[in-house]
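In the two complexes below, subunit A is the common chain; its partner is subunit B in one and subunit C in the other.
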Partner chain A sequence: MQELKDKVTQALKEQTLDGLLCLKSSGGYILPCIVTSDNIADLDSMVIGDERYPIATILSAIVAKQPGKTIGVVVRGCEEKAIIELIKSNQVDANRIVQYGVACSKERAQLCSCEVPYPSEILAGTKVEGVSDNQLLSKIEAMPSKDRLSFWMDQLGKCIKCYGCRNICPVCFCEDCAMEHDDLVPTGLVPPSIPSFHLIKAIHMAGKCIDCGFCEQVCPMNIPIRTIYRKMGLVMKEVFDYEPGLSIDERSPLGELEKGLEAVAEK
Partner chain B sequence: MTINYKTVPSVCPYCGCGCGVYFEVMDGEVVGTMPRMSHPVNEGSLCIKGWNIHEFITSKKRLTDPLIRKDGSLKAVEWDEAIQHTASELKRIKEQYGPSSIGVLCSAKCTNEENYLLMKFTRAVLGTNSIDHCARL
Partner chain C sequence: MQRLRNIQPKLSWDTVIYEDMAEIEKTSSVNGFEPKIIGFLCNWCSYAGADLAGGSRKSYPTNVLPIRVMCSGRVSSHHVIKAFQMGADGVLVTGCHLGECHYMKGNYMAAKRVPVIQELLGFIGIEPERLRLEWVAASEGERFASVVTEFSEKIRAMGPSPFRKSE
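Moving on to the complex of A and B:
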């Protein structure tokens, strides 16, 4: 932790950084904040604790509103992946951010059933082994298709249409969201039209979902929505040998598909 | 200019649950709401209203003055006039048609104390049991 604080302090003093996005502990709360050279003492209350906030989403909002500024960000494994996806989608300018990696605790990794609870470089925290939990997916896949459908209709039928899964998602950034489109999702209905409401997001998650589990974490109805995205991820891996969030240079096969469609349209 | 971003802990004002939220404030403007992950009430979840609290703060549709309908349209008036008008009208209606002709709707957006006070006012002053809350609307 000291190494991280020293590096950031130096960068803020030398003005290679204009601010650091991190979590701090204040008045009994853990909350996202920006530390700048004006309030450098706040680094003392910085935490890399177990509470998780949508750091990548906040980062992209700050970068958009602060042209010309270089922003540091303390990232977990999942947040590093999310930022890679945001860079690939031109939502964040890679030249204007500096990442400081921290490893998650065993408890956090278990809470998130996270397979890789650490980023590529670790400045604070101790690297622990990932947790692999595919119990629910195996259980669902073992069901006859009729039972599988009724399982999902029961689960999705619990939805109160809070849009929490979309709001918290680090790789959901469209200004015009298909989940709010009147023709696809009629207004005034709870649950929203199932399964299409959830499948709209599921389809958009193919080749993008970095399996951070935030969607499930904020779901007030405990719908195991992440399992659908995980399955999408596995299909992407099997069919296209592609996994999102690993490299800035590797484009999603669906992005390539788009190019193909453009070529077809031109002809 | 320095980067001006902070999160401010608060409680959702929409209903009596009292979910914990953080408001995201950028350059002095409230730009977003997110759930507080370890809040004992909501434990990181919010409903659709809670997720969008920041939108009504600066809404142009917000009432900023008391209004009285005069000559068929609503006119902004001073609080004294509004309270005087309401009191005299309630008195007139109660005397003319009896207490049962009046009903009162309170709001989950008010505090417990304000709602208690309104209940007392309804029963003890207006003399009717017809009081209910906005969730029944």
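Moving on to the complex of A and C:
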């Protein structure tokens, strides 16, 4: 923690950083904040704990408004992956982002059922083993097709079309969204046209979803939507041997014409 | 840095495709279950193949509503999902054989997308066999007829789609 603070303080003073995006405690609440050289004292109230905010989503909103600034970010494992995906999609500039990795606690990893609760470089926190929880996924896969459909129609039918899952998603950034396209999703219906409303998001998540679990955590109707995205992740791994969020250079075969040709060639 | 904008402008060629697809809602069967299939045919091979099938008087079922697209790679996952939401019993995507695409590798995009969509459909509980990808060249009129016949029969055996609107 002290190492991180020292690094940031030095970078802010040397002006290699314009600001640091982190969480701070303020009046008993944990809030995301930007520390700049003007309010460097705020670093003292910076916290690294179990509280989670969609830092990558906030970051891409900041970068959209202030593209010229160099911003430091305190990142968890999932956020690091999300930022890699944002860099690949040209939403943030890799040269203008400085990441300070922190490892999550065992409790946080359990709450998120996170498989990799640490970033590639850890400046604070101790690395703990990930949690692998695919219970619901295997339960659904074991169902006969008909039961699966009725399970999902029940679940998706709860949707109140709040767009929470999309708004919080770190890898959803398009200004014109397919989930708002009149032809695909007729306006004025609650629940929206199911399952297509959710399938559209699911198909976009293939090769992009970094499995942070925010979508499911914010869903007011407790739809296990993450399970679908997780399935898409497994499919991408199986068919194309591709996993998002690992490297800036490796791009999704669904987004890049030249990638993944061998996987389908002999069909 | 350029942010992604207007990926889907309000009036796009997609709108035209959706309008064509909406024809499927108008067709109604008189006696019993008749499969409703939306077929995306690529302009250069499969559409010509279908033409040849007709020109050479091959008979095949009329269950497929043909929609001409410039390339099988033009068929987006959105189109397939929308087709099933509209109540289509099956979706057939046809294009040039791999390596023979008019746009060099457009059909590879279809070949990459389709298995992913199939897995998604299967996970949700729609039989993945309801979506089929086939390569039909311009000279393969007979093949087009047999693909359509076989697929229609398969869908007929599977029964109506769970999202089919009651008539």
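Keep this in mind: the second predicted complex is superposed on the first by the 255 of 267 C-alpha atoms of A that agree within 3 Å, B and C clash if a C-alpha of one lies under 4 Å from a C-alpha of the other, contacts with A are read in each partner's own complex, and residues count from 1 in each chain.
Keep in mind that, in the parts below, a residue touches a chain if its C-beta (ideal position, glycine included) is under 8 Å from a C-beta of that chain, and two chains touch if they have at least 3 such contacts.
Since we're looking at a predicted model, the values are computed, not measured.
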Side-by-side fit of subunit B and subunit C on subunit A, or clash: fit
First, second, both or neither for A:S150, with subunit B first and subunit C second: second
Touched partner set for A:Y53, first subunit B, second subunit C, both or neither: first
Subunit C versus subunit B, contacts on subunit A by residue: C
First (subunit B), second (subunit C), both or neither touched by A:V128: neither
Touching partner for A:I87 - first (subunit B), second (subunit C), both, neither: neither
Partner chain in contact with A:T36 - subunit B first, subunit C second, else both or neither: first
Minimum C-alpha separation between subunit B and subunit C after superposing on chain A, in Å: 17
Contact footprint of subunit A on subunit B as seen in their complex: 2-7, 9, 22, 24, 26-27, 31-32, 34-38, 42, 44-48, 50-51
Residues of subunit C defined as touching subunit A within the complex: 1-10, 14-15, 18, 77-78, 81-82, 84-85, 98, 105, 108-109, 111-113, 115-117, 119-120, 122-127, 162
Parts of subunit A lying in touch with subunit C, wherever the complex brings them together: 63-64, 67, 89-91, 93, 140-141, 145-153, 173-178, 181-184, 193, 195-196, 199-200, 202-203, 206, 228, 231-232, 235-236, 239-240, 253-254, 257-258, 260-261, 263-265, 267
Of all residues in subunit A, those that touch subunit B in their complex: 18-19, 21, 27, 29-34, 36-38, 51-54, 58, 61-62, 65-66, 69, 71, 160-164, 167-168, 217-220
